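Next come two complexes, and both contain subunit A; in the first it sits with subunit B, in the second with subunit C.
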Partner chain A sequence: MDFLRPASWEEALAAKAEHPTAVPIAGGTDVMVEINFDHRRPEYLLDLNRIGDLSEWEVGEKTVRLGASVSYTKIMENLRAELPGLALASHTVASPQIRNRGGVGGNLGTASPAGDAHPALLASGCEVEVESLRGRRMIPIDDFYVGVKRNAMEPDELIRSVHLPKADGPQQFSKVGTRNAMVIAVCAFGIALHPETRTVRTGIGSAAPTPVRAKEAEDFLAAALDEGGFWESGSPIPPSVAKQFAQLASGACNPIDDVRGSAKYRRHAVGIMARRTLGWTWESYRGNERSAQCA
Partner chain B sequence: MAGTPTPRAATAPARTPTNLTQGGKTKAGIGESTLRPDGTLKVTGEFAYSSDMWHEDMLWGQTLRSTVAHAEIRSIDTSQALATPGVYAVLTYDDLPTEMKNYGLEIQDTPVLAHKKVRHHGEPVALVAADHPETARRAAAKIKIEYVELPLITDEASATAPDAILVHEGRDDHHIGHVAHPNIVHRQPIIRGNVAEARKRADVIVEGEYTFGMQDQAFLGPESGLAVPSEDGGVELYVATQWLHSDLRQIAPVLGLPEEKVRMTLSGVGGAFGGREDLSMQIHACLLALRTGKPVKIVYNRFESFFGHVHRHPAKLYYEHGATKDGKLTHMKCRIVLDGGAYASASPAVVGNASSLSVGPYVIDDVDIEAIALYTNNPPCGAMRGFGAVQACFAYEAQMDKLAAKLGIDPVEFRQMNAMEQGTIMPTGQPVDSPAPVAELLRRIKAMPLPPEQQWLAAGEGADVRALPGGLSNTTHGEGVVRGIGYAVGIKNVGFSEGFDDYSTAKVRMEVINGEPVATVHTAMAEVGQGGVTVHAQIARTELGVTQVTIHPADTQVGSAGSTSASRQTYVTGGAVKNTCEHVREAVLEIGRRKFGSYHPAWATAELLLEGGKVVTDGGEVLADLVDVLESEAVELELEWRHRPTEAFDLHTGQGNGHVQYSFAAHRAVVEVDTELGLVKVIELACAQDVGKALNPLSVVGQIQGGTTQGLGVAVMEEIIVDPKTAKVRNPSFTDYLIPTILDTPTIPVDVLELADEHAPYGLRGIGEAPTLSSTPAVLAAIRNATGLELNKTPVRPEHLTGT
Partner chain C sequence: MRVTFTVNGRQQEADDVWEGESLLYVLRERMGLPGSKNACEQGECGSCTVRLDGVPVCSCLVAAGQVEGHEVVTVEGLADYAKQRAEHGSCGSGACGTSIDAAKQWEARPADSQTGENTELSPIQQAFIDAGAVQCGFCTPGLLVAADELLERNASPSDADIREALSGNLCRCTGYEKILDAVRLAAARGEGQTAGQGA
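And now, the complex of A and B:
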């Protein structure tokens, strides 16, 4: 196994072009586990740790450009206001040691349906910046996950950053595990209210072959909120609407029975999380609306 | 070479927050909370575990394990592995050097390497030694094994079917004569009184069928050791184990060496909990070392560790209890079916415990009990903290709650009404002849203040998810959360039972070094984290009046200490250390009498003690300094010590004085359940336990909290999941075999009782296991209380709580 250590992004792209089978490694929290257990033995490891830019983030007017290697700890500590959903999801990643090493780039590269960042990324409507010697492109998160542990990247591409819209409304993230900390997801749910566009976006983890959005649930809710004038009035969402939203979120799942949980439980739990997180975000939205009106 | 660091005598005593009686006058003697010599090293990561050992020129051993659970081996082709550069040896069954090719704790039914057949997933088939662990792993992967799969035995029905394939053919062990089928390892019935008659007096009868999942010891230091060939043709083995001499007895015959040529030294042990009673890599490393003439180290990774040791027996338990309407238990019938897996390990003794303790700490005169262990193609099961008593306690405590509910009596009161006490006759006919404060323990936990409600609101600003079910996963801010409270109490035996010669040996030396009297304590006791090294030094200080005590590393150059199991080491090896110290003290006093007897009449007439480095009378008068008594003489004795003998249980009636001592603990669990998501947060697990005498109060509280947490684990998360269709383990990793984190571990207030057992050294009671028993049923009772669900299986999964 050869260990490639590019000193710059350009060198990294060149190395990846020359060795498309090279496995990029940053925090190593996924890759090293696989190597230690001999589950994979890549010909080349491409170490990205010398490329400082990958661990930087930039808060712009509308978006946050999050370097692929920015650690979950950094996200929790620095981007809670701009990326509340992702910050909540980051807090559920493994242990403090792993959160100090791992970043969103790894979750995206591995593209496991159990990756904790995915539901929040889907709900945010972000874009993934990938690049190769051939050029740079932005992949909308909706197009990123293409199969079980497969993403839309070409073999010569590397993930440089994720461009996330700054939260324009409340966001939430919930994850079920059979332990109260340091646990892999049985299933997870992310939600983001987007008052500016009067839309709602969601993300579901570990309940389908890939991370997915609950598209029907989103559309239903957006329509219900719109028709009822809820965005303007800030009135409580009727339980019937929340219930329907939860059912549709459940319906968006396509889970399996495995050692971590039954398919039936996953569907059930996603519905509960959808209802609860909707409640929390909407309460928060109402609270903000009220204080805005008072001011 | 790095080995186990020599444990040093602790010098800084620390008081435990619990108010326990102080020990003798000697500083850091018994009753004091002296600190562990290995504590700081372990916390700072500097402690040398057995996996940290290194030897110049050493090779790495690798085990190749079966990928199927039950199959004939048609062929093994090792040629490609042998041809791999860096490989020094590849061994299979055909390379075993003597006629002895099996080992086992009681029944030698476990092949060192599989012969013609594998009986469970992960069974060792071949060994490789190479100059790099990676090379060894890759070479092992090149060994080609042709399997022809056989039908699987996975449960009682498939095991005992008339045409069932036999897991072991041609059994000739001493249990085969009294079992109904060769796929049953051992059966122990206990019949006492007349259940049919007593049943007629019952106003209410409750029945239940309970399932206990397969728990793993999940010790943090995986199996590892280093075998170094010696010039005399023997081998030095440095290993993390629970009982050096039991290992030795099994290793030497397979190697074809006399026991004195297999010299074993305990190296740093990272926990055991029963999982190191059976051999793992010991023989394998020795075989490779003797074959290659080089030191060989074997370290399992976590994945292999799940296959490298036995687990807690999963069990099905069928219970019937009756009671009169005024709350008196009339009778009990039960049948306990333990899945022993492919090899016997400790199954026979686990059967003995499960049956003899199946009534629990209650008075029931009329009982009809049967416990069996099966041979199946599931992973082998054997010793784990609580040893058969855990499974029974889970079931009988659920029954107690059902009875209390049916009778409309408070569950604690109902238990107290039927609680055993000193003088109660066990179902085996054995009288309980030391304190059995069952009702008092229950009274104490019930009287403890309850934790405040809705603690997640305490922070003020939103919900503190750490105090809620789901914790940091942020699944509820209080929605769906219901509190429940549950109680349980249990009984565990202490020491090896059923007539086993359960002795220990201690060698103690006393001499003057640098002008100070020093005691050296040498035993073969395996320090696996229980704190024996601390306690031995305390005993030596108390008995010999010295400050400086050296604990010699445990090895086989001294007689057997027995196993660090069955809550027995403080009792038995502690007893042996005390006994040898007493004889050493007598010898020292004899020297004193010889030298100074003529100067003071008290040497002949008074009761003499050793205190503060001096010989003193029981009235406190100083007769001499130990330094002057001993001068350049050293007193050294090695003595065996035994507790009261026990008897075998009758094979038909189960009668017999089978146990040494009993240990009791009671728990109150307070849980909060997210009833919609089926997630549980244990808020508090209060424990009251009688320890007889707390030799080290801080360690006592630590043991109780640890046992309590291990019981919590199997209540809500811990289970090795075996696929019934393939008998393969589905979750051999810490990603999918979950153990409690600190956020899952509740506050554990501990109330320690010290009612002396006059038969035991210092009146002490073995304490390590009892808290593991009642913790699990208390949590289950609390979850039932919160949800109203019946919950007959542990661990409880979200699916069980949500009907999904």
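And now, the complex of A and C:
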């Protein structure tokens, strides 16, 4: 094995071009587990820790440019106002020690359907900035997850940052697990209200081969809110609408039975989380902040 | 490969390190610092917790090469670390944690043994003993490092703060109650000491 330690982004791209099989290592919270357990013996490890730029973020007028290696802890501490959905999701990842090292770039690199950042990223409608010596491209998050633990990146590409729209309305994240800390999601749900475009976006974790949006549920809800003039009136959402939204969210799942839960349970739980998180975000849109943050 | 970094204030070097080796392995097997424990090697138990540039991390999940040129504090250096922090004042400003510069200036005053025997205990270590928070002791080093960092950031943590800060550290013996007691005790003693200093 070789350990490559590029000091700059350009050096990292050159190294990845020269050794496309090199495994990038950021926080190492996925990579090191695989190495410790002999599940992976890469020829090259490409350490990204010396590239300071990757651990920085910039808050622009409309978007936040989040460096690939910004830790979950930093997201929770610094970007709660701009990226509330992602900050909530970050807080449910593992433990303080893991959150101090792991970040969104690694979550995207692994592209596990259970990764907690994904529902929030899908709901926000972000773009992933990837680059190689051949050039830079922005991958819309909807096109990023292409299969079980597979993403849309080419072997010579690295993730530089994620460009997320700043929240223009309330966002929520909910996760089912057997305990509060240190738990892989049985399933998870993210929702973002976008009052500026009068749309709602969602993300579902651990209930399909990849993280997915509940598009039919989104379209149904957007139409219902529009037709009923809810964005203007701020009236409560009728239970029938919330119920239909929940059912459609359930229907967007394509889960499996595994040790963490059955497919049936996952479908059911996603429906419940969809209804609850819709309730929380809508109440907060109407100006009634929820007092407790837990489900 | 060769890896050089600072451990408990002293520069250390390890040769013939395998590229996939963890910081935990280097500390335990190459540097003779077995305080950080290896129980799971997958980030689940926290018994390998150390400070990396001031930040608590699972040393089993940090590649040794990633630590080149950085600062590590292990449980063996905790007493000295806490002492220097007390002497040089810690964070009353709200900007908490240890800056890299501060960490660089810090040097452990070597006791007889590199493993930290014969040194005074840090307040959190003493509190663990006094509260009866140690049974088999396997989880203790990681908990001490995590709890010490909590108290550095937050001198009077709520129970929820303590639970959150220690949520990455498993203990199979104590049932956690005595561990919570120990952190509360250390916090109360710390407050007694800093009362009137505006911290």
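One rule holds in what follows: the second predicted complex is superposed on the first by the 287 of 295 C-alpha atoms of A that agree within 3 Å, B and C clash if a C-alpha of one lies under 4 Å from a C-alpha of the other, contacts with A are read in each partner's own complex, and residues count from 1 in each chain.
By our rule, a residue touches a chain if its C-beta (ideal position, glycine included) is under 8 Å from a C-beta of that chain, and two chains touch if they have at least 3 such contacts.
Bear in mind the structure is a predicted one, so any value in this text is a computation, not a measurement.
In the superposition on chain A, A:Ala269 makes contact with subunit B only, while subunit C stays out of contact range. Once chain A of one complex is fitted onto chain A of the other, the partner contacts of A:Asp2 are limited to subunit C, with no touch recorded for subunit B. Within the superposed three-chain model, A:Val176 lies in touch with subunit B and out of touch with subunit C [touch as defined at top]. Legend: residue contacts after superposition of the two complexes on their common chain; A:Gly52 is shown touching neither subunit B nor subunit C. Shared-chain residue A:Gln97: touches subunit C; no touch with subunit B. Shared-chain residue A:Met32: touches subunit C; no touch with subunit B. For the contact definition in use here, the residues of subunit A common to its subunit B contact set and its subunit C contact set are 36-37, 180-182.
Subunit B contributes residues 137, 301, 303, 466, 469-477, 479-480, 676-679, 681, 716-717, 721, 730-731, 735-736, 738, 740-744, 797-799, 802, 804 to its touches with subunit A in the complex. For subunit A in complex with subunit B, the residues that touch the partner chain are 36-38, 88, 91-92, 172-184, 186, 259-262, 264-265, 267-269, 272-273, 276, 279-280.
Residue ranges on subunit A touching subunit C, taken from their complex, read 1-3, 5, 25, 27-29, 31-33, 35-37, 41-42, 45, 47, 49, 94-98, 100-101, 180-182.
By the touch criterion given at the top, residues 1, 18-20, 22, 41-44, 46, 49, 55-58, 60-63, 65-66, 68, 146, 164-165, 167-169 of subunit C touch subunit A in their complex.
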